[in-house]
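There are two complexes below, and they share chain A, which is joined by chain B in the first and by chain C in the second.
Moving on, here comes the complex of A and B:
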């Protein structure tokens, strides 16, 4: 391949990568402009970097509070989902009976059910059980996220030789110890995959919190941002600053866990 | 095990059948007959409570503190009558308008049915237990004593006990709402029949019939359904087509900073979709969106991206391509890296061109691995509520379908959302949900049959 061709290829890739990020560029630059500036010149670079929009958006979003709400819900659901689904997958895989096959089938089949189809009855039932709040939300995430997690764990547990379990039994471990000290550490790669998939999904979910959480004090980030965006449709500079704020935690997480995320996503899909 | 005992089964010994019969009549009797006294007594106590005692949850008041308490009273067949009454409620859905709430009749009835199944399950377990131990007696063996059978029970039951919290959640969050939705599709729950004001009734398949018979509903249904299928196919093929193309380009050894590009291209995946979609909504705005501004800069007219039905469809496909191809690309580059170099080297020796290498080596290998993912992606796009709802709210509104609420870019699932949340047409929503479910289930069953996970399940 000659040099010219290489150069063209490189230019094309740089350009397309650039074009690809344009929406974020627009969001970022417009978040620093005043309302007037944004109206006159939407594409240009801001003349002065004005952080005022961010201060206003931070306050109106109550960012710290909604951030911690999101954090609690994500970490809480994730912990429960992982403990439960890894344990269940191990038990389902090791117990060979018709009942366990049936249970596994029910879990897998429940992956197919579109959430929107069951949301109304679900909200009614949850309302009756007095669970339309943060604990209820975590509970529902366990119900919806565990099927995929069990499915992924189940495939992985197959690869762990049963001889390990048996050796542990001979050494006098009870079932709980076998799982906690022997199986769970071996599941680490798939645990990372499952955590990443679930964390991204739960953190970004809008629909379920919008149906379940009705107290403003327990809003999550997506929920608050959506209200904020609706309220400030005429004040794009504030809306853009709000959106940028919402992205920052995700970007930080992304750059720390980038390797795991890409691996998690591809593994999760290929299996 | 005594080896000689198996040959010594006396022909007239029928302990197993007798004790099964005893247990079927009243739980625990069979166990008593098998000389497992403690177990038998426990079963008898359980059965007596179920059959003869009315358990009422009351509150005990101690000064200022309220404590939950339980009051027991003797009332034969109280629980059974109660269950029967609740299950009958599913059939009638209430009788007094304004007082009986049909939905709660339905919910409580379904819970009663599930509860009944559990009771029956326990009873069957009891009979099976009596049969097994009776068989031991027939074979002239000792029946295990209580602590031993308790240990056996724990050992066999441990996995299920461990799974039970998850099973309960699954039951409450998925299985039960699904049953409820299925029931809703067969009652007349709409804006004219709102419990508790009116009593709902079972109307069979009428909701489904309405969807394909009434002119306006039929038109809306056919149009939404067609667009859903087109949308799912087009967005799947587009995202994997572009994803594969970019992956092949990035996999080329002459590209420097490959990983930097890959990271950049994965940014939209990392950014919460709701944020990107809202940005796109802003960019596509007719009056002050950037896309129209750029079009005007290079001398074109403004385009009604969000309010013209055709352009709205194009816009939503475009935005979805932008959102979903990075994922396809990540998958494809994973597959590309697993293709052995030697294949390409052999091809070069044979004098293959770049295109020939792509079409004869890369493409077949990628397609083979990616097919299950395509089906999964199709199923996902078929129900991709988020982008339809957040970008354009399913709009623009279509005049001729105005009473059905279906918009120009609505797919089935977002239409269900509108029918249920905004129009109060719950039964139509439930009927469409069932149709969606069967579509998705069909694809998924097909896919699971193809994939390894279930083949192994079936073989074992």
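Moving on, here comes the complex of A and C:
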């Protein structure tokens, strides 16, 4: 019985894993085809493995440049989101007053506002303030991402006994020292969860950068990939190669961080 | 090292849900240099609050707090030169034992050699040298307790503050750590303020005990005086185990003597010298008072020589419950009052459930309290 159950579970996992891999398969095999081949036989294997698409895509995308743009935006936003929301969550959790409850509530409530409802006024205001392109984008991500992050951190901070803060106070810490020496290291599991969630979102985001970035030099990977889809011609074969290129760094990152990510996600769920 | 002085210390919590809570009211305590003082009282009486005000973790609503000769009301905890041991130890989970102990010194920018020296020394005293590389979660409760002590010791503070540091340990370990705490204090001679709700811990550790109830200091005394001369019924009942028995009785004149008459056939004579020296007693004639007698002062004539008890002061009682404790037995006696009273008698007494027996009250060791104010008259 138990063995049978295990077998069934295994089959289901393999099938669903396969299902998730189909788009990757399509992307990968088509990145080696010519445009004509691609349209004639989308699902089949390429006749020859031609890296020409990659070379063209690499050049047209200015891959290194946009890759670093994406990297700077993601890492930059992530860093400040983590710093600000973890500190805010700690303070909001530890301070017992009506004001802190209210502020926390405002943060949580803002999660419910759809992005599309605020995007146009936001871009206009930020434009007037001269806060567009990379710095502006990072600043906006701080705003958009911190509500969920604060919510997650807040729940986790609850599980850290206040006596630790007090022990640190008596040991001689000021507020910043309490946070950086004691609290922040203990937040590691949830920091990983928050990082993964935010990084995936920011790395893949198309809409906000498309509204905010108006300099070609600041383009991110998703923005550039869109170059392959012109008004009259859609260059799928190049797009597929470009997308594959874009995925490689993510896979490498995941490969190295996977132990921490999985641990972070499971630890986070227990607390 | 230093004395600690509390002048009219009051604490009011302003909480959202329950309105204002008066947690400590006009506490006056003078703690001498090198003294081991224990704050004791039932749950919610304000012990932790008092300690936390001394630590600086809670603001003082009114009154003055001195550590040494310095007024410290507005001094930050880190500048008060105190160290605190918390109930659940509050060890930093991500640091090993060494770093837990060294943390306070590192923050204060001590020389690494001195830090190392002090941590090693403290680890030696506390017998935790082999554990220095472990994380707190890899330690047993008793070991964590030692590390928490170590963290306080290395700082070499003027005052140790401890909030129920032993309450998370099992009974046996608690007794052992209690003895070690005593030894430690003997050795370091640091002024110590210790909070517990366990009166046995208080009696065994303290130079002096502060008994608190509902935020008000009831009595401050050394353990023996507290036991033999309680200020009021609360202190009488709180200190000592099993607890002091209280019986309602009326003081009456009988010939030249004063007697206490209670429900049933209960009547005992107040010793002459007591009646004479306590002039106040005269004003209570024909009034109701509370007679307090400790279980160990109720004697079973069967196991005592004739001159050890007063044959005129025998009372009748029926044995309801017998609890053998080893060398002694606890007897629950029905003497006709509302509640049964407890007597601790020698194991040779041979009392059995249902027995009708006579017992003698050791009247020189009894207490009389005002029935209304609950203050001690004798």
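In the analysis below, the second predicted complex is superposed on the first by the 220 of 271 C-alpha atoms of A that agree within 3 Å, B and C clash if a C-alpha of one lies under 4 Å from a C-alpha of the other, contacts with A are read in each partner's own complex, and residues count from 1 in each chain.
Keep this in mind: contacts are C-beta pairs under 8 Å (C-beta built on N, C-alpha and C of every residue); 3 or more make two chains touch, one makes a residue touch a chain.
Treat the numbers as computed from the prediction; the structure is a model and nothing was measured.
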{"item": "Chain B versus chain C as contact partner of A:166, first or second or both or neither", "value": "second"}
{"item": "Chain B versus chain C as contact partner of A:96, first or second or both or neither", "value": "both"}
{"item": "Partner chain in contact with A:204 - chain B first, chain C second, else both or neither", "value": "first"}
{"item": "Which superposed partner A:229 touches (first chain B, second chain C, both, neither)", "value": "first"}
{"item": "Touched partner set for A:241, first chain B, second chain C, both or neither", "value": "neither"}
{"item": "Contacts of A:73 with chain B and chain C, given as first, second, both or neither", "value": "neither"}
{"item": "Partner chain in contact with A:182 - chain B first, chain C second, else both or neither", "value": "second"}
{"item": "Intersection of chain A interface sets (partners chain B, chain C)", "value": "96"}
{"item": "Chain A residues within the chain C interface of the complex", "value": "96-98, 161, 163-164, 166-173, 177, 181-182, 185-186"}
{"item": "Of chain B, residues touching chain A in the complex", "value": "103-104, 107, 158-160, 162-163, 165-167, 169-170, 172-178, 180-181, 184, 246, 249-250, 252, 254-256, 261-276, 278-280, 282-283, 288, 290, 293, 322, 327, 330-331, 334, 369, 373, 376, 379, 383, 385-386, 390, 413-414, 416-417, 420-421, 426, 429-430, 433-434, 436-437, 440-441, 444, 448, 453, 456-457, 460"}
{"item": "Of all residues in chain A, those that touch chain B in their complex", "value": "1, 6, 9-10, 13, 16-17, 20-21, 23-24, 26-27, 39, 42-43, 84-85, 87-88, 91-92, 94-96, 99-101, 103-104, 106-122, 124-125, 128-129, 139-140, 142-144, 146-147, 151, 154-155, 158, 175, 200, 203-204, 206-207, 222, 225-226, 229, 236, 239-240, 243, 246-247, 250-251, 254, 258, 261-262, 265-266, 269-271"}
{"item": "Residues of chain C touching chain A in the complex", "value": "15-16, 55-57, 77-78, 82-84, 86-88, 90-94, 103-104, 107-108, 151, 155"}
